[in-house]
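In this document, chain identifiers A, B, C and D correspond to the written order of the chains, with residue numbering beginning at 1 in each.
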């Protein structure tokens, strides 16, 4: 039996004005378990708290009910008071007689009556309270960043600069991501490589950072502070630690006609290749689908020319297991396929290209060395049409496009149009737009410059059909402002393809039990207040894997994610919320219902031996809740068909007791 | 394999070529086209309005007839195909429409879109298979550069017709390749020929048809094939000199039965 | 029937929701009969949303639509302007004595090569 | 004989993050609603077992209202979606049992919607008042 003390607060006249506090204290005196009941002007004041501490000692109280303001206001205060008095902090319950009673009711009799009932409910609950202790778990002071684009790079650098070790896992042979493929960046038009490659070098040289390039995460287990991750290092057939990146092998490789992914297939690379000059790590990789030696056992030229002896045709995929305290997802985006948009004749003409292809065409390190030449005949295009929103804001067909706005296209299209007019003033540039969306610092000014200073023609309307004929692309579109259909014979058409999350994101989310939205973007723990945390504790989000983002936004989010990781890794131990679910193993039948509804993946199953009354041993599958992962929503308790699952702090019997007390 | 065949009005009359070659070639490929009994005109155009019932009943009747025989329904004419397929889709997906139709027909067993419908091209692709078709070709059309004109009716609405990618169809190109000729892809292959508008505004129809054929010619086509009698009519009235034939004629030629069909 | 009810009736017959329109203009960018229409596909959508149907009811534009469905296929929002145009046309034709074509008219455009399908289609489009 | 005004007994289950905070905000704004409403705080609306609701009716409650975060805003990501489905099930069961479904309500109230909370409670109390006492499920042995 509990020994409960009831403390009714006046809150000056806030409560006492509408509730007869003396009468409340008196009425609760006779409730089961109550051994002491009093009232005071300000329970939260030092004097009020001292009063509670003294009463606990004097009356040997085991539980406390404070009838006061909202628990959202002072629950923590009174829990600390209880701890000071030597009680378990979770033996305190608050009856909210201010916000939910005195402030909303005007009649003293009615208010007092309700306050008494709320007090009774709190007493009934405390009678069933049990001391709770938050679980503690150690923290592995290392972080894993998945994805080596600008988001991953920035997050890794920020964490490493704070003194923690970071590993980056990148699936491509080099870090750098999409930004490495860009030419200039809006709105300042810095060259992407000039601002990105120094950061890549910083990563390579940072003593706290390790890069697993050409690698993928293949398994994740554990929980916040204690993840165990298996990384698959794909065979690149070149010993990474020996290769000097001299490029002699690339020069001599006889297989020359492999489409170059880095230039989006607009030129060719060799079977052994270094994606681009500033690659990190600057190590060659052999493409096993193209290499004669690996396909047919004939050739071996690269091995012969490599003075360092780095070529290893026998290399196999290798699995490495590492421990981390925090994981940052930075898997980024890719442009959607234009396959379903053939009204724009992407498959029919080489001169219909995507914006990312245009970046490569204008990049000094690209297939045309930065000269704007159209892919079909390498002639300078005189008329260029840009089409925005290709696949963005497309709700009619999920296979075709994406319902969301891809966010970055308005700005990069303005950039492309402006740069074209700047470099080639004789070029006629037209942009078809639905809306021009430029909310960002100096963004609208940038777009206006494109039209006002550079003479880019913006047409409010959409292209409906592109017909390649001869060496021209006949573009048919609408001009809604002029209310006419326009026909332009263009030399080059650039499609602003929608962006979507990288394909690797979905399987990764499953491994991490991190939730995703219907578009496969990772969901944040709270859209406004916790934008860089995933709902899964210890998993953080950086960059476009969470939603379309430009570079400035990505970098700020990357820094924010790093700050959250640093905050986590700075702790030696993690204190959990003790109000978590737990399963009674004697009642659990291992049906998996609870795990199916758990948003956090906190529930696992294990086989356990039970000693039966007839002394036989029975092995049964039972649910186990990981208290470090459980957030205490209680969804599983309702799903559980056998009633084995319960939520500490809000047990079935506690809630039922409250219902009883209110309804009596 | 035996299928129920819905020829439609035009194939019995002005487009006998389309019909004759289709039947003969199907036999060679192991499929018997058995003409539905007492079929009625499809209506020519599918009225998209959900409250139009009467104009769609003839399609439901032939669909029902095929269901009763337990056979798939095959059409050759693009217009028939469009109307029958759209009607079937509405019977499957528009509950209130299907209820009204079934109440009107007052048959014992209601029809709810169970029949499988093939366009002749789908039959070639999905049932016969282009590889098998290629084996049966005795007279490969080597060196011919042929443009496939789809028009609108075969492809749109894409979700309902489901015959091919509405913006980048390939079925006729594959057919052309299987027959030994070289397909010529041209962007206007799914642009409208002008349709029924020729009756009121022949100039508009002519303009559209000319745009189709000149695009085909510019991309190197010597000839254009179609599955639609109205398309063929409009295209032939255009200002272009590119010959337009039914795809079945080409098929018959490659299978070596063109002459015998005409006897 | 007042303006609002008329617009609502047309929307009901069409089975589409013009409010989904985001005013991108892809319908009018796709339309092969654009230059032969007084009101263009995107205007149909916006005029019906605004309940401004009367001008459409007296316009020849409904007969210029080829019902080729390019606008419906390419509309990113699933508005399908062709169905709205069709609904306006039906609404006109269903009024008593509003058939646009009769059997006597056929001989005027008929020629020896004309497929039957063409006449049937024309009747469906110009008469109830 | 004087007829006593019928004072319904209403149990409100509120999730800690949105609707309980919304109720607090109603208090901060001094938005009146009848004292018949008694709130029980829970971590999430998905913690509400339909059993709790039936229990309340058995014990003599005249109405039960369940409040959670707006769909899509659940603190636990998806809890209120489960609530919505469970309550749909419960409603059909209440229909089957012959309990007026108006006695049970599910409302989404955000932490910013103090006024909505008060308005909802006013409306709900009025609805339950109009229905009168709950006699179908109450267990007289539970009455004092």
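Note that in this section a residue touches a chain if its C-beta (ideal position, glycine included) is under 8 Å from a C-beta of that chain, and two chains touch if they have at least 3 such contacts.
In this text the structure is predicted, and so the values were computed from the model without any measurement.
When the C-beta pairs in contact are tallied for A-C and for B-C, the bigger tally goes to B-C. Mean C-alpha position of subunit A lies 49 Å from that of subunit B. Averaged C-alpha coordinates put the centre of subunit B at 24 Å from the centre of subunit C.
The distance from the centre of subunit A to the centre of subunit D, with each centre set as the mean of the Cα atoms, comes to 35 Å.
Taken residue by residue, subunit A touches two or more other chains at 343, 397, 465, whereas all remaining positions touch fewer.
In subunit D, no residue reaches two or more other chains under the touch definition.
The set of subunit B residues that touch two or more partner chains comprises 158, 167, 191. Remark: the chains found to touch one another pair up as A-B, A-C, A-D, B-C.
Contacts from subunit A toward subunit C in the complex involve residues 343, 389, 393-397, 401, 432, 434, 460-465, 476-480, 483, 485. For subunit C in complex with subunit A, the touching residues are 20, 22-31, 34-35, 40, 42-43, 70-71, 74-78. Those residues of subunit D lying in contact with subunit A across their complex are 9, 11, 16, 20-21, 23-24, 26-28, 30-33, 35, 38-44, 46-52, 55-56, 59-61, 73, 75-79, 82, 86, 118, 142, 144. Within the complex, the subunit A residues that touch subunit D are 70-72, 96, 98-101, 103-107, 110-111, 113-114, 117-118, 121, 515, 523, 526-527, 535, 579, 597, 599, 631-635, 637-639, 647, 650, 652, 655-656, 658-660, 662-664.
Touching subunit C in their complex are the following residues of subunit B: 8-10, 13-15, 41, 43-45, 47-52, 55, 77, 79, 152, 155-158, 166-167, 191-192, 194-202, 204, 208, 229-230, 232-233, 236.
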